[in-house]
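Please read through the structure below; I'll follow up with questions.
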Amino acid sequence: MTRVGVIGATGYAGAELVRLLCGHPDIELTILTSRQYAGVAYDAIYPSMKNVTRLVCEDMIVDRICDKADVVFTALPHKLPMTIAPDLLHRGKKVIDLSADFRFTDAAVYESFYDGHKAKDLLKTSVYGLCEIYFEQIRNADLIGVPGCYPTSVLLPLIPVLRSKFVDMDTLIADSKSGVSGAGRSLSLTTHFCEANESFKAYKVATHRHNPEMEMVLSRETGVPTTLTFVPHLAPMTRGILTTIYAGLSQRISLDDVYDCFLSFYSECPFIRLFNGNKFPDTLYVRGTNYCDIGFKLDERNHRLILISAIDNLVKGAAGQAVQNMNIMLGLDETAGLLGVPFPI
Amino acid sequence: MTRVGVIGATGYAGAELVRLLCGHPDIELTILTSRQYAGVAYDAIYPSMKNVTRLVCEDMIVDRICDKADVVFTALPHKLPMTIAPDLLHRGKKVIDLSADFRFTDAAVYESFYDGHKAKDLLKTSVYGLCEIYFEQIRNADLIGVPGCYPTSVLLPLIPVLRSKFVDMDTLIADSKSGVSGAGRSLSLTTHFCEANESFKAYKVATHRHNPEMEMVLSRETGVPTTLTFVPHLAPMTRGILTTIYAGLSQRISLDDVYDCFLSFYSECPFIRLFNGNKFPDTLYVRGTNYCDIGFKLDERNHRLILISAIDNLVKGAAGQAVQNMNIMLGLDETAGLLGVPFPI
Amino acid sequence: MTRVGVIGATGYAGAELVRLLCGHPDIELTILTSRQYAGVAYDAIYPSMKNVTRLVCEDMIVDRICDKADVVFTALPHKLPMTIAPDLLHRGKKVIDLSADFRFTDAAVYESFYDGHKAKDLLKTSVYGLCEIYFEQIRNADLIGVPGCYPTSVLLPLIPVLRSKFVDMDTLIADSKSGVSGAGRSLSLTTHFCEANESFKAYKVATHRHNPEMEMVLSRETGVPTTLTFVPHLAPMTRGILTTIYAGLSQRISLDDVYDCFLSFYSECPFIRLFNGNKFPDTLYVRGTNYCDIGFKLDERNHRLILISAIDNLVKGAAGQAVQNMNIMLGLDETAGLLGVPFPI
Amino acid sequence: MTRVGVIGATGYAGAELVRLLCGHPDIELTILTSRQYAGVAYDAIYPSMKNVTRLVCEDMIVDRICDKADVVFTALPHKLPMTIAPDLLHRGKKVIDLSADFRFTDAAVYESFYDGHKAKDLLKTSVYGLCEIYFEQIRNADLIGVPGCYPTSVLLPLIPVLRSKFVDMDTLIADSKSGVSGAGRSLSLTTHFCEANESFKAYKVATHRHNPEMEMVLSRETGVPTTLTFVPHLAPMTRGILTTIYAGLSQRISLDDVYDCFLSFYSECPFIRLFNGNKFPDTLYVRGTNYCDIGFKLDERNHRLILISAIDNLVKGAAGQAVQNMNIMLGLDETAGLLGVPFPI
């Protein structure tokens, strides 16, 4: 049975990895590390895990990690994964990184939005882990850059209609709304209960670091430099991203054309669910799941296509997609450990 | 002292009117009606009002209303105000209606999105009560159609930049997010706690009845037929609307140009607050107030202007703006009864 | 494989049954009924279930149910299960009822708090399905009355200390706080988002119908008539019950005595988790799980023992405990289908 | 016009003081201090205050404060007020402290739950500012220790029935539920949105520092040492405390006796609202107000009286009661600045 470790197991993405991996039938979770909580039992940090795991957080020591795990998830702030990934890969481990460090093929783009990159060579072989789109590359990869939560919610609905050339690539706008867990477990006034409750606000308007990540992928898809206006918002809920995309139509199409486009594009994809007939996604429907729900509407008066997607930012937007990548890399069923039945409410 | 009545006092807009009018220094609230709760003490319906008002809800009887009130607010579902307003006006009352019945100048537009109109004559003299824009007309009006909550949040940020010809009128998109109180007090699964909590969703995508209302005003402002793609969303909070507007630039402008445009346009408007310097509105900042907060950002890479507004849907989006209309009509200070200090949280 | 049906599948307890049964490895869910939604696909009612189940709700027809299912869960309002259970039992089905109809051994008690009972004979053989306490009886039962959510949260912490005679049975007080889902999916102002959000209130103070249910069990445990002051409250959250119990000490005991009492009493019980050392249960820790977390504190100055329990009202308080009963009745592992890994947040 | 200053103006109690004082008709708010935000405009810290105040936070310099203010509110962590209050009083200022520093008459009690006391002399003259109970002493005081939020919610319902000798003073239990703002603006995991949302929990079980404060007052009222079992809980909402009190009856009384007791006790008290006839307080009814709502129920089977109170922890539980104290001290109408009309939702 494949042995798996989680580096950075106590942030929300790490904790969600632990949740999914503890319930995964085909792997064994063997090591958790935490800079902040080394030496502390995991269920003392997350008491919901009492009786579920007896793992104790450890320091991040490469030798120890390599002894214990064949696949390593890194759920760390950016800049840290690039310092540890080369060692892990060198020792034959598969690395699935949830930060931005290995999402970009062009180090210069990374460096203009983040910091200096210390493992540029790896960018040549790392694969952008958007599973439904880059399945084949993932299957052969040793190093995955798991997409950001917002890019996942934007790219999955947008790529099919772009490939079908339904929309004009100069007109793309994405308006995203995220639950508070997207901001992580670090303390801040923004995520203080009393300042987030009954609050709805935009932030990093047209300046979010996921913007260049999305544009890199969009440009790869269209073959020409493609940009996107992107505005993220914070909603008073724990989990979920709802993204509304506005795109000008480049040709006369019908609702059926759009539906058929998605239906055929995602026919083999167990985590994509399509909504049509004036039904639309809701973050509540995907809470705790790895689904990406997609709905759409033609605004014919204005010659625009409106796409709406919903994901759980911690699952399909982070830990779930990371596990899906692992499944693909290991030749397991893509859905292994990811089909927990959704909650009705 | 002017005597004021509220017809339909137990829905949320009506209840907010009662709140504001009970605290208004220059008028006397004399009569409340409710079809559902006639005969019931108001503080038995809203126990927060214990010790504040002793009014008892009455049936909606025109003679009685006319005996008791000089100004009448109608906070009823559409189609009802048009049946009572003619009588009230005929007896010399001023009528401020919160439904859609008197917002449209063209009955055909109303009828295509609502129902048959039974008081078309009144549409010639009724005034669209967007106070900051149509102050002069309001001052002389006897009948006001108070703008919808979404239109208020869209028009106040958009009209100044349209008048300044900063943006291309073919590119207008408004993405609005509303608290649940916007759906009113009527029971439905959509507003059931367990289905609204942790839920974020779009609804009436590009088909909301506030769409033609906004386009009527925008067309009036631009002088040519002007359309808008509009998508409303429901957020898990009680109060507030945040609207994000995307508009293509029609000329090269700077952030200062936008700020100056708003600053001069709204220099005399006590309820408009401007945000600049990468600070943006938040529904929490306007909760319970009549303010409309406006922020903006230039997305220069994409030649777009992004406008962001926040209002309390029940105050500036309904009852507060209605009272502001009354103040203007009566020659009172525009802010009378509307300057309760905002809550920090 | 045992075939299972859910009668009343669209209320929240029914929907939670569907969730758990769809993920259960040892049974097959074969039929769902709904008076309100007969003929409607289940995933049209709960879109979170898209791709998970293709079952369509049916009318409640006994023949059809008996053709399709060996075990039948009834998740109906009280008075209805008693009309259908006799038929089901007569045809050899096992029946697990989530209403109050089969919780009482004494029909007179039932009738004084509910209505006339139409299947009194069955009360002689029905078993009160509090799994950790009545495991042996459940194993041999054909008809289970699943305990109410509040009684589960009160009895599991209270019975061990009562059996140990630590507390004076004349001093029992339980103060419970429930999420809104406890009120079900029926629409009411109490559960309207805007009236439940930011609201905390008591209801049915010392008059709740779960009070006699608890007293029946407590009296059975103590051997003498035992009463309880019980006050339920509604908290602004979807799921969870936290119960705080106050009991006068009948003897001098230490914290270790209490801990040891629980430890030995529940040593074989996979769903009981104990908190000690100034750590206490939290509804968030049990959200979506079948756990009952129990904590305690000695208030030595006042000679009282304070017990605190947390459950998910829809799982351990309803559907999860119902499935646990089924597992025991069928001789399956008690935990089958009930060990989904808890969420960190 | 009396000039007023707020020391520690940026915590939630301080911010609520600023809100109330900005709307107070009879005083002028002249100085705000903040250790953390000295030099920062108040509306940059709380943007809801844009257009409302132009005050800028200052360092806490006694000379400057004394120049600017006649009445000083100290909204600081305990231990700090005792270092500044002597100077302020010496210069003839009136001081209203919201910490625990001046609530106790016996320094030893303070020191056993807090820290060493550095201004013990002042405890002889400081007055416990529970306005409805100690009105006369407050009227003549120069230094007020404003009661804690929980003690306010416990003492106001309990003192009348204790004075009437309805209940046995050995049986007192208070189970309180507080919104998250009670934990203040300091960052912590407990108040992190994702850990507080959908979470209900007890904390400091029978060890909260408000326990001795309540017992001091109760003992003063009964004339003998009187204790109380007190368990506070945290509820997922911003504002509000609901307290449920359980007390054994010491005599045979009727519901009317209880109602009459409260009615006569609080006949002159504008901020006490009584609920009877199976109606009970709700935190939503008092949100943003200075009311303390009180309801009650006789549990005759168990010979207990159940009292239920609701307050807004930041208003009647802190800033509102502080302003009420100021009004009384200055001989103003007790309600000045405190009668903002409550919100319906």
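Order as written gives the chain letters A, B, C and D; numbering starts at 1 within each chain.
In the analysis below, a contact is a pair of C-beta atoms (placed from the backbone, for glycine too) under 8 Å apart; a residue touches a chain by one contact, two chains touch by 3 or more.
None of the values given here were measured: they were computed from a predicted structure.
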Other chains in touch with both chain A and chain D: B, C
Far-end chain from chain B, centres as C-alpha averages: C
Chain A and chain C, separation of their C-alpha mean positions in angstrom: 37
Gap in Å, rounded to a whole number, between the CA centres of chain C and chain B: 46
Centre-of-Cα separation between chain D and chain C, whole angstrom: 39
Multi-partner residues of chain D (each touching 2 or more other chains): 12, 181, 194, 197-198, 236-239, 282, 284, 287, 345
Parts of chain D lying in touch with chain A, wherever the complex brings them together: 12, 180-181, 185, 187-189, 191-194, 196-198, 236-238
Touch list for chain C against partner chain A, complex: 12, 15-16, 18-20, 22-23, 46-52, 181, 198, 238-239, 270, 273, 275, 279, 282, 284-289, 291, 293, 340-345
Of all residues in chain D, those that touch chain C in their complex: 173, 175, 177, 179, 194-195, 197-203, 205-206, 227-229, 231, 233, 235-240, 242, 244, 246, 278, 280-284, 287, 295, 297, 299, 301-302, 304, 306, 308, 310, 345
